[in-house]
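Encoded as structure tokens, the structure appears first; notes follow it.
Chain IDs A, B and C follow the sequence of writing; residue 1 opens each chain.
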Amino acid sequence: MKRTIVTRPAMSRARRVVWTRWGITLLLVLLLEAACRLGFVPKLAVLPPSEVIAAMVALLSTQEVLTNVAETFSTVAIAFTASVLTGFVLGVALHGAPRLRRAIDPLLASYYAVPIFVFYPLLVALLGLGALPLMAIGYLAAVPAMLIATLLGLDRVPPVLRRVARMHRLGRVSTAVLVILPAALPNLFQGIKLSLAYAFIGVIAGEFILSSGGLGYAIAFAYDSFDNRTMYGLMLFVLLSAVISNGLLSSWESRLQRRRGLQ
Amino acid sequence: MIRRREGLLDGALIVLVILIVWQGLYAYAGAVALTPPWQTVRYAIGLFGTPSFWGHLRGTLAAFGWSLLISAVLGIALGLWLGAFRFAGDVAEPMLTSLYTIPKVTLYPVILLLFGLGPSAKIAFGVIHGMIPVVLFTLGAVKTIRPVLLRTARAMRLSPMQTARHVLVPAVLPEIASGLRVGFSLCLLGVLIGEMFASQRGIGFLIINGINSHNVRLTTAVTLIVILFAVGANSALLMLDRRLHHSR
Amino acid sequence: MTDATAAHAVLHGVTRVYPGANPVHALGPIDLSITRGSFFSVVGPSGCGKSTLLDVLAGLSPPSAGRITFEGQPVNGTVPDGVGVVFQEDSSFPWLTVRDNVAFGLRRIGTDPAEIARRVDHAIGFMGLTDFAAAYPAQLSGGMRQRVCIARTLVLRPRLILLDEPFGALDQQTRLLMGDELLRLWRETDATVLLITHALDEAAMLSDRVGVMSARPGRFIDLLDTGWPRDRDSRIVSDPGFGAITARLWSSLRTESMKAIGARA
């Protein structure tokens, strides 16, 4: 009997990519740690990662920080939910009104060119200080993303699928639920992901620049009072929250894609 | 012809609606929140006659120009490099995407600690914002370039330089233009946020200063100038972008 | 309605004009009677209104003038019960498995689950998809996806099947084999088939009768009975009669095709 040649179990390319990514991330963190410990980076400016992590853990057990976290997260959650709902509804409505859509199109195309934070003072004047103007800025940052994604999703529904629905004599509601929505789902998902990111960015930046509460404010306050430990700890927490929430949505999305036999 | 006239009419209507909403907001919230359209325009035009405003404008434009230049050069170079090496591109792309979606504003204190108060911090912050879309668009363009184009170049026995000059660059140019358009907006955003948070100069500083000193006229007028600049530049770049995409 | 030679679907003076600033007269007037249980093909130059003909006959869009009846009942802008359509483009639902795609129509009309399972199994088996029942369309080739669409229509047991260039996107060999399957399906279901195609050989090989359409606005300029036996398959391409039929179709169509090309150039 011939001996079968034993090949090294080749790691799949996708897996190698993922491992490399983690490896590089870890390497960068370690390099930063070494640079800090060896004094290449001024200790006053940058804390070594290990201390940042320790600071974050310590901060998360203080009542004050937890209050800030709750405040920021609930503001983001409200802005995000409201923007996804209105973005979707507006997208559907605008899709059904082509002339209005053509008229509004230049506004949508330029929307994200305007640094939206310039409206923050106006929102404060209109809505007062507190969570409301922050919600509004997160909402305003996120709505167009969902709206544009909805329009794109509806545009991309192959016309033949609508004809299939008519062949099956589906009513308007069944057509929407059983054919149009599933067909537009990948784009809708993109919109939801972007909306979350933009709502988060909007709220944090609003807090950061001009507010008296929430995580963004706490970071700015720590910076002003030269409290690097708190500043870096909170910063890491905010960045991790953004990356993790985005990662969760992404993995949900790719599970959905896999179910369609893609990827 | 009919479509174009309809478009002009609709455009005028949209502008009218915006002006009415603006005037309505003024009627609702009053002079503590904003100034009405006409007064704002007059004040904004007046601003251009004051030397101190020009100082702020120059400060912002210089920082913005530098950060856009750095974003473009570094972004295109990095994008081409990551696009040419598939593995590196696949490793880096999701990292860049998640950089795109994090609230980078929280990093500003670190930038300040590293670069100090001054224009270089603003420029660095603009680059952090503006470079990522340039890299992502360039990388995407190189990755999705049709292989048959490169095979054609080989069939014609073009040298690597000729291939780059006559095939690669023209093929990826429209996408790079799209990336630069988004990068333009984000550089501006980064610089302005930087100025709003910690600076003694620039347009963003003017806005924040207006708020803190309850100078509503100034805040509204500067906001209007920023919006008009951003929308105007974006529309011009969008036209260029569309022309590049259509000419193929 | 049991008369085997009775007209199954009838068009009377049917025209279709797309309204607008420059109205487009796409079709007609058309007078046509399709015999129950026959295999009828329509060939014509591109853009001649073949697909429009299928749309109005299926009830997917109303005619601008004229009358259409299916089994004696008027058709006007809604798809009648008993009519099934297979489209030119891939129309499988990418978010459903092959099995769920095929079961789609039966679930909508509230068929008993056991009955659904039985009929879906049969349709999947008939189209040779048994091994792929749990797959998603994205995992299948273009030809397999078109089979899914045919199975999805077939499972509803339509008495009139309308096919709009269903094999247009497939390669020549696959087309011939799919043609055989279509013939088998036609024989075993006793349905009436109307096939829209731009391939002369396909029309000549599959049909009892072929209608040749003019350039836009589409009208029938020739009707041709092939006289093939009911029990036939793709091997008849080697029959001497096949060449004669194809030749006649092309001679009817040649000037019209040139008009269509010239009109678009």
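Some observations on this one:
One rule holds for everything that comes next: a residue touches a chain if its C-beta (ideal position, glycine included) is under 8 Å from a C-beta of that chain, and two chains touch if they have at least 3 such contacts.
This one's a predicted model, so the numbers in the text were calculated from it and none came from an experiment.
Ranking every chain by how far its Cα centroid lies from the centroid of subunit C, the top place goes to B. Counting C-beta pairs in contact, the pair that comes out ahead of the other among A-B and A-C is A-B. Remark: the per-chain Cα centre closest to the mean position of all protein Cα atoms belongs to A. In this assembly, the C-alpha centroid of subunit B lies 53 Å from the C-alpha centroid of subunit C. Centre to centre, using the average C-alpha position, subunit A and subunit B are separated by 20 Å.
Each chain gets a centre from the mean of its Cα atoms; for subunit A and subunit C, those two points are 47 Å apart.
Residues of subunit C that touch subunit A in their complex: 58, 60, 78-79, 83-85, 87-91, 93-95, 104-105, 108, 135-139, 153. The touching residues of subunit A, counted against subunit B in their complex, run 16-17, 20-21, 24-25, 44-46, 99, 102-104, 106-107, 109-110, 112-115, 117-119, 121-122, 124-126, 193-194, 197, 200-201, 204-205, 208-210, 216, 219-220, 223, 228, 231, 234-235, 238-239, 242-243, 246-247.
If you check the complex, the residues on subunit B that touch subunit A are 6-7, 10-11, 13-14, 25, 28-29, 32-34, 87, 90-91, 94-95, 98, 100-110, 112-114, 182, 184-185, 188-189, 192-193, 196-197, 207-208, 210-211, 216, 219-220, 222-223, 226-227, 230-231, 233-235, 238.
Residue ranges of subunit A in contact with subunit C, taken from their complex: 158, 160-161, 163-164, 166-170, 174, 178-179, 182-183, 185, 259-262.
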